[in-house]
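Before I ask anything, let me first share the structure, which is written out below as structure tokens.
Labels for the chains are A, B, C and D, by order of writing; each one numbers its residues from 1.
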Amino acid sequence: MNRKRIEISAYDKVPFRNLTAYCIGTGRMDLALHQEYQEQLKMVQEACHFSHIRGHGIFSDQMGIYQGEGKYCFTYLDRVMDSYLKNGLRPFLELGFMPEKLASGTQTVFYWKGHVTPPKNMEDWTSLVKATLRHLSSRYGEQEVACWPCEIWNEPNLTVFWENADKDKYLDLYEATALAVKEAVPEMKVGGPAICGGEHSLDWIRDFLSFCERRNLPVDFVTRHAYLGLETTKKGRYTYHDMADPSAMIEELRQTRLIMQEFPSYQGLPLYVTEFNTSYNPFCPIHDTNLNAVICASLLSRLSDVADGYSYWTFGDVFEEQGIPFRPFHGGFGLTANGRIPKPTFWTFAFFAGLEGQAVYRDGNCLVFKGKEGGYEGILWNPDREETQIELIFPLEGECVELVELVDETSGNPLKAWHELGEPADLTEQDLAFLRSAAKPHCGTLPLKAENGFVTVSHVLSSHAVLHFKARRVNRTLEEGYDYNFYR
Amino acid sequence: MNRKRIEISAYDKVPFRNLTAYCIGTGRMDLALHQEYQEQLKMVQEACHFSHIRGHGIFSDQMGIYQGEGKYCFTYLDRVMDSYLKNGLRPFLELGFMPEKLASGTQTVFYWKGHVTPPKNMEDWTSLVKATLRHLSSRYGEQEVACWPCEIWNEPNLTVFWENADKDKYLDLYEATALAVKEAVPEMKVGGPAICGGEHSLDWIRDFLSFCERRNLPVDFVTRHAYLGLETTKKGRYTYHDMADPSAMIEELRQTRLIMQEFPSYQGLPLYVTEFNTSYNPFCPIHDTNLNAVICASLLSRLSDVADGYSYWTFGDVFEEQGIPFRPFHGGFGLTANGRIPKPTFWTFAFFAGLEGQAVYRDGNCLVFKGKEGGYEGILWNPDREETQIELIFPLEGECVELVELVDETSGNPLKAWHELGEPADLTEQDLAFLRSAAKPHCGTLPLKAENGFVTVSHVLSSHAVLHFKARRVNRTLEEGYDYNFYR
Amino acid sequence: MNRKRIEISAYDKVPFRNLTAYCIGTGRMDLALHQEYQEQLKMVQEACHFSHIRGHGIFSDQMGIYQGEGKYCFTYLDRVMDSYLKNGLRPFLELGFMPEKLASGTQTVFYWKGHVTPPKNMEDWTSLVKATLRHLSSRYGEQEVACWPCEIWNEPNLTVFWENADKDKYLDLYEATALAVKEAVPEMKVGGPAICGGEHSLDWIRDFLSFCERRNLPVDFVTRHAYLGLETTKKGRYTYHDMADPSAMIEELRQTRLIMQEFPSYQGLPLYVTEFNTSYNPFCPIHDTNLNAVICASLLSRLSDVADGYSYWTFGDVFEEQGIPFRPFHGGFGLTANGRIPKPTFWTFAFFAGLEGQAVYRDGNCLVFKGKEGGYEGILWNPDREETQIELIFPLEGECVELVELVDETSGNPLKAWHELGEPADLTEQDLAFLRSAAKPHCGTLPLKAENGFVTVSHVLSSHAVLHFKARRVNRTLEEGYDYNFYR
Amino acid sequence: MNRKRIEISAYDKVPFRNLTAYCIGTGRMDLALHQEYQEQLKMVQEACHFSHIRGHGIFSDQMGIYQGEGKYCFTYLDRVMDSYLKNGLRPFLELGFMPEKLASGTQTVFYWKGHVTPPKNMEDWTSLVKATLRHLSSRYGEQEVACWPCEIWNEPNLTVFWENADKDKYLDLYEATALAVKEAVPEMKVGGPAICGGEHSLDWIRDFLSFCERRNLPVDFVTRHAYLGLETTKKGRYTYHDMADPSAMIEELRQTRLIMQEFPSYQGLPLYVTEFNTSYNPFCPIHDTNLNAVICASLLSRLSDVADGYSYWTFGDVFEEQGIPFRPFHGGFGLTANGRIPKPTFWTFAFFAGLEGQAVYRDGNCLVFKGKEGGYEGILWNPDREETQIELIFPLEGECVELVELVDETSGNPLKAWHELGEPADLTEQDLAFLRSAAKPHCGTLPLKAENGFVTVSHVLSSHAVLHFKARRVNRTLEEGYDYNFYR
């Protein structure tokens, strides 16, 4: 068993920005029309209170905006935006893909056939962009819409998302689109290049900024994606990856920042990781596991060192990129499985999103905050297979209590229960209720004894466990005659 | 540690009637107007699906029915009845107490001052009864109302509930009221004497039946109450009892049955225990504990041997008999605390109410059912302070799984968490959310290995634990390439 | 002004079966996943309580059932069926269209590209049908699923819906599919040929029955469609028809019945009109008008003379056959517009669906019922442009009252309000609220004076008005001192 | 018929402050625990968005706060305050009545027996006040609670509300309580003397201010009540008044203001009318009528001339002062009847509360606003029995439309419908649904023709009608081929 003992003093501080809730990912935009999607989103928002939401396909044909030259239909767009706002979310707009009628070619991506060729007529494209943003600005107010960032396209450095991954054509698209955005709603922020990682990805960042600087184009932020999936093994419909260490992602982003600093005119630009996750495959079983929850804890504890916002891909499993999910657990990206069963990673996000106060300690197993009212709160995680004991010593006096929420193999892990139930493809109402219960973290209290002005919080974490605790002073209510121990 | 090993054969049967959900108790009838009451009731009904509900005070002034001779107001009555039916409940009507204007004296009971003296004019009383039942019959249909039992008064053998505990006056009241019921709605069922236990309680049963037989009065069922509280200790506002053994209650009811059998004209009358609980005091801390959950498990496993229906007193803590509850946990009768925090006993009722199939085994620690689809289900409880190990061996083949829900000191026990939080009198929203989570039973699955056609379910129960399990065959879905163990 | 005076006697009866609520139409099956769809459906069900629902595309790729040979995904199917049942609806299953991977050709129909070519392999098709029905039977119970009729394909007599409108290939499809249905769930009912009207439609009926009789195939019911649209005028995206008289539809169905009677082995088969409406075009402005409400009143008053069930096409405007609706009022089929604004025809269905008791009078302007409790109820409509006065004289005594709900140009007509607001493509929340209010029928009471045992109900209906009335006895509550007229 | 013609110019302004939504009245505080109460409140808030709520009895025994010397129970208080805040309301606290155990005498008021004698021990009383306010401040935050005004007692100038209407004892109570408020939460505002009108009411104001000035007491606002009821006629349980003219109330308040101006140290104090209505009797049938709606329109158009806030007594009919309401319409104060049936006066408040922009015209029949976006909006009312025609001429150009909502004898008047249905004491679900429909104002649109830059809005108001209109420019959406008139 690993052991760790950490003493926190009253003056400790570490630099950690809690950006957990900045943004969350979602599948194709029109899936927001689905009732199941809305119910999953509501559940996620109650726990995490994300501020923005980003997904693909605003201009894909399922949204039905482009109806031929100069004709637009905003029925579904309004319905989707209304639903975001009702859930306390603003869109982080990704301007893509191409309406079939505007596409210069026939190449599509995904089961749902998003067109990924450049516009056959750039002016029709920019008219579409401008009409859409003006419509939004008129419906929701210019002030509101100015808080909706606009990212141009998605992963143009991949041939599946942008014909031939043609960089020059992307830069043309960026130029025309960014100018159109500013023309339509001058206060909107615009950025790119929305690339995924890989061999030449850093060149893309450099070339993008260099092009924009040369042509004096608006760039309000830089965006890219980051995943940990390495070697893949395919079995049936599933993809299994070896996983890179979380620090690899941090390093990749640090490199990106270094390149950004080469451009004096873009000093201080925010870097947004508009997608991140462990695996980039929607049928990779890791997403449903408590291991995933642990890796995400590690990532969330460090991403704000190198990025100004990041967006887990995705909040839910109403998702169709490689086809309709065929079983409740199929390795989908979602924080929640279909049927509103939160996965272990759901709780990692809920725990991090709820942290309040001042960060006082961080290492590879934990992040600790001092709360506004004097107590301490933190998240512990165990990335190893071995048990790990963590002891934290806090300067607290008097009667104290610890509130604990635990996710591990047997708590907050509906995947295990579902596996043992026989991996049913469709769930009876009773099994669904059971899985929802099995998906709750174990939750309890521990009385703490202060000694000489210090209390010790100590936990043995089993393999791939994530634990949230709050240690705080107890203001005991005195009630004459009440004897808790009488019937114990 | 106690140990127990039980082998169940495919042909075992024990005589157990699952009457858990027949009826539930509630405080003063007009409290059903409260929103918090309705929310607690909804939560209880979702878990337990009770059929009837019984409480005091239909004719007390808070309901406002009696407005002077011949004038009645059914505004609140209708609102309450509507709310019962909406929750899937029928009233088990307790006809009492006395409207102030009809009372022959000034004696009242409870903080809310229910009048407990006989009517100053019996005809006005029976007119009130008839008008009320006719109104209900006209509003809800005679067929529906015929399923609402009518019990005459509450605990007339106590001087606090019936002036001087005057038996003759009670019998007069019974006669007049029972005849009025039958006159108003001939198909309604009527009964009494609604007594509580104690020294002369069996005499009351005998005298009641003897009186009715002699005067040829309608008696469709016999009712009485049963509690386990013995010696009391008072501390501040609280009452602590020593508790009788559950078998004392069973014996008390068996005695009652024996007396009933003395009356040939009333052969086969049902005996309804219209109130039961551990303590009869609404500020007795036992009600909030997991010990209470264990005692109730024992009672629910045996009550149907001696009674045809029983009603736990009460479903919730919106209750005012000794005053308004001043803290979330104050020893109230409710299955749920105020704030919709289920207490341990809530789960005992939910577990028992959900049992389906055929009872196959019962002893002082468990009740086991064979389900319709071949699996086994059961409830285990540990009334001792010592740990108890229970091993059950079932005839099951192939791959199996056990679904487990556990309530003990650290699971499904919000009282402990509240105690350790400092027993706060009012809860912040966050603490309330935490207590609700801490109130959930721990819930998980265990794979079972069948050997030679048998599987073994084995649990070590800690002190005062209640556990629900389901053991069943697994029909494993085969899905090419899915590897649950890849990321463990 | 037209005038009409009708005396109803206590013994009058007319043969009218109230089949209004038997079935309702809906667009592509997976649109039931949409939240807006579910909200519209809920609103419609609260008013009309339909029993069945029928729409296209169970096997289209949007439902994602067919995933390649022998692989099926029922995720969306279950979600849709769950939602129907939750709304009190059973599916009237239309088995079609073809999954892309099973289609022998590339021809598709609609904006959403439903494949309409025969299966390239009949066995794969029947395997798909059987697997789907067996799945439903296992999830919902065989007894339940036996109440879900199965219709084979949609309008195979049109080349747009079935390649070349090839009758022989349809009959082959019917044979294979009907036998597959009975093999999968023997108690399910099966029928066809689901044709629309037109030149050779009656031949299709005859040839279908003759083929089935010859080959001894199961036929539990005959289905066809019926619309009133004649000559069309196209303007922009809209289609305007001249409308046939409602009696033309009745006659068309009578002819169908006559042909059915030629087949002795199919005596007594039910005839279901699985689609009907005025226009068959989803962008025909008539659907939104009060004229449409009047025509439907006329149809609903007579359809049960010639059919055993009928299904208005469709309940709501979440519908994509010719593209996504671009304005709240665009001539869609729905009883309700998008945004949950009931159209005038919504009320026609609500009025008819609510009729209870015995039909006592019917003509081209009205249908009158005698209620169970002695009053009279009816629906009046005015198909003319001129005002029409209708006087009805009923045998009623004592104090009476009439409850009236009126839909005409200025009541219950949100189209007029929307037109005058400038026909906005997207609605502010305030305008939406206003339109919903403007969509309510005017609703009021009239005191009636009985003279010599008769009361007269008299209404002047403006052009294209529909009116629902109830005339009933008043049991006046006497309340001392209450003077309604004091403050008038 | 009266006729009126009013030309509005682009520069017109009148001094009108829209204080409609400042405060609303409610019955006994603990009635807020009722579900029906909460449902009525939600309905009222959706239409009117009141800011504060004021009612009696925070310290009455039903709230259960005072549990003996130094012991307090805040269970119900918290539940009530939580429910207010959830509905967007802050309490306007009325500190009274007396807990039974603190009362120096036995005199009570109302069916529910509120104690109205001075405290037997002033220190116990102020301890109670301070403990309660400190509890609220700790639960809801001092900043929040500082926005909750505190008024001392209710109508102490009436012997029924304050033993002997003893002015000196009231001033003592004021002194002690006001100082206690400031001690507990220094930022809270405090005021009095909460008197009702009548012979010596102005003396009370003068004596109150003179006393406070002399003793240098905190007075942050002055409060009083105002009703229009004059001579009363009793019939059965009902009270009928002759009604004073609305201008009598305005004059009464103007007199109050004049007295306030006599006190230099209290310059600029706000005057709050903490109760107003037509009749002050909860069984006065006027409250349910459209006449009441008209009188309230007149009052709301003028009250802000003389007061800084006012509170209609009351929002709903969950109310028990003279007993439990026995029929849906019984002359209760509520804007809504029990069963959530809005009364005509509900709409007067909704219309006034919704007025936005700049007041441009006012007379005895109307109040007109110019909206922010250039249109005009207003409320018209007809206090006469005769019809009144009102023509308003506005400077508006181009295509315009008028949105109209009308309440009169046959629209938005459920009382008439209920009367004609026979005045049923309890409502079937169907009749309830009908009454709710009959309670909606008639709602429609009228196209307006601008001539020479002016449009004319013209309405003939029947007796006791209230009408809300909005006249605005139409931005007509052009949609090729759409022909609204094709099917008219």
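Throughout what follows, a residue touches a chain if its C-beta (ideal position, glycine included) is under 8 Å from a C-beta of that chain, and two chains touch if they have at least 3 such contacts.
In this text the structure is predicted, and so the values were computed from the model without any measurement.
Asker: Quick one: chain A and chain D, Cα centre-to-centre, how many Å?
Answerer: Measuring from centre to centre gives 48 Å for this pair.
Asker: Using mean CA coordinates as chain centres, what's the chain B-chain D distance in Å?
Answerer: Result: the chain centres lie 45 Å from each other.
Asker: Of all residues in chain B, which are in touch with two or more distinct other chains?
Answerer: In chain B, 327, 425 touch at least two other chains.
Asker: Looking at which chains touch which, would you call it a line, ring, star, complete or other?
Answerer: ring
Asker: Using the contact rule from the top, write out all pairs of chains that touch.
Answerer: A-B, A-C, B-D, C-D
Asker: Flag every residue of chain C that touches chain A in the complex, lowest number first.
Answerer: Contact set of chain C toward chain A: 33-36, 38, 64, 67, 73-76, 78-79, 83, 135, 139, 320, 323-326, 338, 425-426.
Asker: Show which residues of chain D lie in contact with chain C when the two form their complex.
Answerer: 234-238, 240, 285-286, 289, 291-292, 327, 399, 401, 403, 405, 409-411, 415-417, 419-425, 434, 437-438, 440-447, 474-477, 479-484, 486-488
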